[in-house]
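Next come two complexes built around chain A: one with chain B, the other with chain C.
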Partner chain A sequence: MNLIEKHPILEFQRGRKVQFFFDGQEMEGFEGEPIAAALHANGVRIYRVTPEMKRPRGFFCAIGKCSSCFMVVDGVPNVRTCVTALTEGMRVETQTGKGLVPPVGA
Partner chain B sequence: MTDKEKFFNSGVLTEERPGAVLPPQDLWESKKNGLVIIECPQRIPCNPCHTSCPTGAVLPFDDINDTPRIDYSKCTGCAMCVAKCPGLACLVVDLTYGGPDEALMKLPYEILPVPEKGEDVACMNRTGQEICRGKVVNVTEPWKDRTLVVHVVVPRDKVQDVRTIKVGRVAKKKEDDMVICRCEEVTLGEIREWIHKGYDTFDELKRVLRVGMGPCQGRGCREIILREVSKITGTPYALIPQGTIRPPVKPVKLGALAKGGDK
Partner chain C sequence: MRETEILVIGGGPAGLSAALEAASLGAEVTLLDSDLKLGGQLIKQTHKFFGSKEEHAGTRGLLIADLLFRELEDYKSQGKIKVLSNCTATGYYKEDGVVSYVVGEDEYVRIRPRKIVMATGAQERLIPFHNNDLPGVYGAGAIQTLMNVYGVTPGQRVLMVGAGNIGLIVSYQLMQAGVEIVAILEALSKIGGYWVHAAKVRRMGVPILLNHTIKEALGTDVVTGAVIQEVDSKFQPVGDPQRVDCDVICLAVGLTPTCEMLWQAGCEMKFVPQLCGYVAKRDSLMRTSHPDIWVAGDAAGIEEASSAMVEGRVAGLAAAAALNYGTPEVLKERSTMYHKRLSDLRAGEVGEKIREGLCQVCCECWGA
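So, the complex of A and B:
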């Protein structure tokens, strides 16, 4: 995993190691950390593709403000992965365009 | 309105004013270790420059909102305030350092990579443009709190303009092609074009370009656009209407609205 170990200002406290899936591929992250952080640590840089210009998007504001990191999480599109905590077995997928809202009751 | 006023209104210091004054020239040229410059022209409730000063050179604040005042006869150029100011507004300039064409600047630094002694770095002005090269001669950590003070030798005629350094280089992108509204994918070029046409409020730009209408609701682009309006029209940033902000101000699931509850 590729993580910042040394930072000029911050210190890190991490949860237990859990498995999750990115586009079907198994990955490892720390429970409770932002999904986007876990993906970044695994080398994933592209989280979605924009609707108009088809541009790749990844981490941007990292505080739930900019909506750059929208992904499909456990079937739900437009999840702000930078402020959503990682849980064991989570299924995270790259989002293309605006995303499809799952049918009611799903 | 002059360009200087336009710049200041958009947040860039352009000349001396209360809270941002230069030291008296005679004393400045003879004082070994240099004198502090504080660039803090806005009234904000903040006084660590005074409380951190070991010699009392940064005078006591009558009102904590006051801008800082300095007794230059007491300043020793120790740079304690440089490392303490949360806004990185203090720096020290030593005109006695090195040859007649050189000067030493002590600048606050809080990003990685940390420059090394002897390293050649880019020196940037207040708007972030590279204006010359400098040589790092020392890196200190006055409060042992991981805020560093970088001592960099610069050309003497640049001390009025250099305000930070950059280690290494970042590739430049054509400005007008930069996407400013990342949700609706609107570029700086398009925004500038419409401001020049007279659409100089956020709400007008929103209607013609959809800026600020995506999932982030302008949280990413609003300030950049208002600053651009300020630069082009010369209206002080603070006087430009912020645009109408409507709830929900952050993404909320329809289910949460339908069911009630706090998530």
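So, the complex of A and C:
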């Protein structure tokens, strides 16, 4: 895990450890942290692939403004993973293209 | 539909201060913030602030945020301030003054405020270079969030682009987190930030390469290196480009005010290079040309957190006063004090650019 264990000034108050899934693979993160931070700590840096040029995209602004970190979360596309909190058992997937809006009632 | 007396949009240093000030006069305030945690950029600052005692000089930014949070708790428990975190403002509707926001990613809500303080902050600028969209090219604010709020290491070797205060401070913060800084690039021939910050990173052995810029990010899926280039005073290449190994390229090339809502509300706007973008014209109490909307902090022009907090106080005070809270004596006394603090913060050589910018957008008053 890419976590800062020792810091001269900061003490990190992390949430409880939870399991989640990235493209089907089980990973560990802290409840309540942004999904993007949990992925980065697990070494995942590609979050989506652009619709036309098929370019990889990842973390960028971390304030929910740039759309770089859009992913499919629990079946819902275009989730701003930098400002969406991680929860137990969450299913996070790399988003390819624009993503499909799930049918109503799904 | 929800109703509130004063809606403060943005829970960073300016917005928090505006909400606290308005509530201190008795107004009922709703504080809206898009992040999971309140505090904006303030909670990411490990360095000690400058200014005077009133601005908590000598205290680390994140501890100043704690002081504001403590004050906030009192008003929350009294029901004077309602905090809505993880709520992104999405629109201002001119016809009825309603603001819409989204809770998380799915629930849309409308709120009708009587007065609004826009403290929406800033967003990172991007510079053009080949492959600048590769994962690993991150904004400086994003890196601060990752490492200082959530304790995640952004990478092993970082190339910093920009030697302004943010580039220098974030470089130092990266080293505190155990990350190596390959170099700090600065296209200009001088360091833009304060010498005290530059000296700290130089003492740690980090090269600050003046007259250097980034030409290309290397890597197929993620950043594995960069091509850097020396330039002359007209930004034309000098000599051969050089290759450096790094896994993160951090962009600290400036910020621009977040002003979409102000445009939507029809506030008179002006492009002011010294304030780093379009900003709303305002009177001395931070009221925009829209009689119900005030502005504060980086949204009103890129400056720094100390002045953002004072501007927030001014805007909160004036918005509450417009709803008849506070006596004329209290308003006069506090606004005089805040204006004095702002002019102290903006005094001298370091405040010159800000002063030049402000005189282009400040008017005495909007008339009766």
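Criterion: the second predicted complex is superposed on the first by the 98 of 106 C-alpha atoms of A that agree within 3 Å, B and C clash if a C-alpha of one lies under 4 Å from a C-alpha of the other, contacts with A are read in each partner's own complex, and residues count from 1 in each chain.
By our rule, a residue touches a chain if its C-beta (ideal position, glycine included) is under 8 Å from a C-beta of that chain, and two chains touch if they have at least 3 such contacts.
None of these values were measured; they are calculated from a predicted model.
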Inset, instruction - Following the overlay on chain A, give me a clash-or-fit verdict for chain B and chain C. - result: clash
Inset, instruction - Using the superposition on chain A described above, determine whether A:Arg55 touches chain B (first), chain C (second), both, or neither. - result: both
Inset, instruction - Would you check which partner chain A:Ala41 touches, where first means chain B only, second means chain C only, and both and neither mean what they say? - result: second
Legend entry - chain A residues touched - chain C or chain B, whichever exceeds: C
Legend entry - Contacts of A:Ser67 with chain B and chain C, given as first, second, both or neither: first
Inset, instruction - Determine, under the contact definition given at the top, whether A:Glu33 touches first (chain B), second (chain C), both, or neither. - result: second
Inset, instruction - Pick one for A:Ala85: touches chain B only (first), chain C only (second), both, or neither. - result: second
Inset, instruction - Considering only touches as defined above, state whether A:Ile9 meets chain B (first), chain C (second), both or neither. - result: both
Inset, instruction - Determine, for the stretches 24-32, 114-122, 150-158 or 186-194 of chain C, which one clashes with chain B when the structures are superposed. - result: 186-194
Inset, instruction - Name the residues of chain A shared by its contacts with chain B and its contacts with chain C. - result: 7-9, 55, 57, 60-61, 64-66, 68, 80
Inset, instruction - Provide the residue numbers of chain A that touch chain B in the complex, in ascending order. - result: 7-9, 50-53, 55, 57, 60-61, 64-68, 70, 78, 80
Legend entry - Residues of chain B that touch chain A when the two form their complex: 110-112, 114, 146-148, 179, 182-185, 214-216, 219-220, 250-251
Legend entry - In the complex, chain A residues that touch chain C: 2-4, 6-10, 12, 14, 30, 32-34, 37, 40-41, 45-47, 55-66, 68, 76, 79-80, 82-85
Inset, instruction - Over in the complex, which chain C residues touch chain A? Could you list them? - result: 34-36, 46, 60, 62, 86, 88, 104-106, 123-124, 133-139, 141-142, 145-148, 150-154, 176-178, 221-222, 258
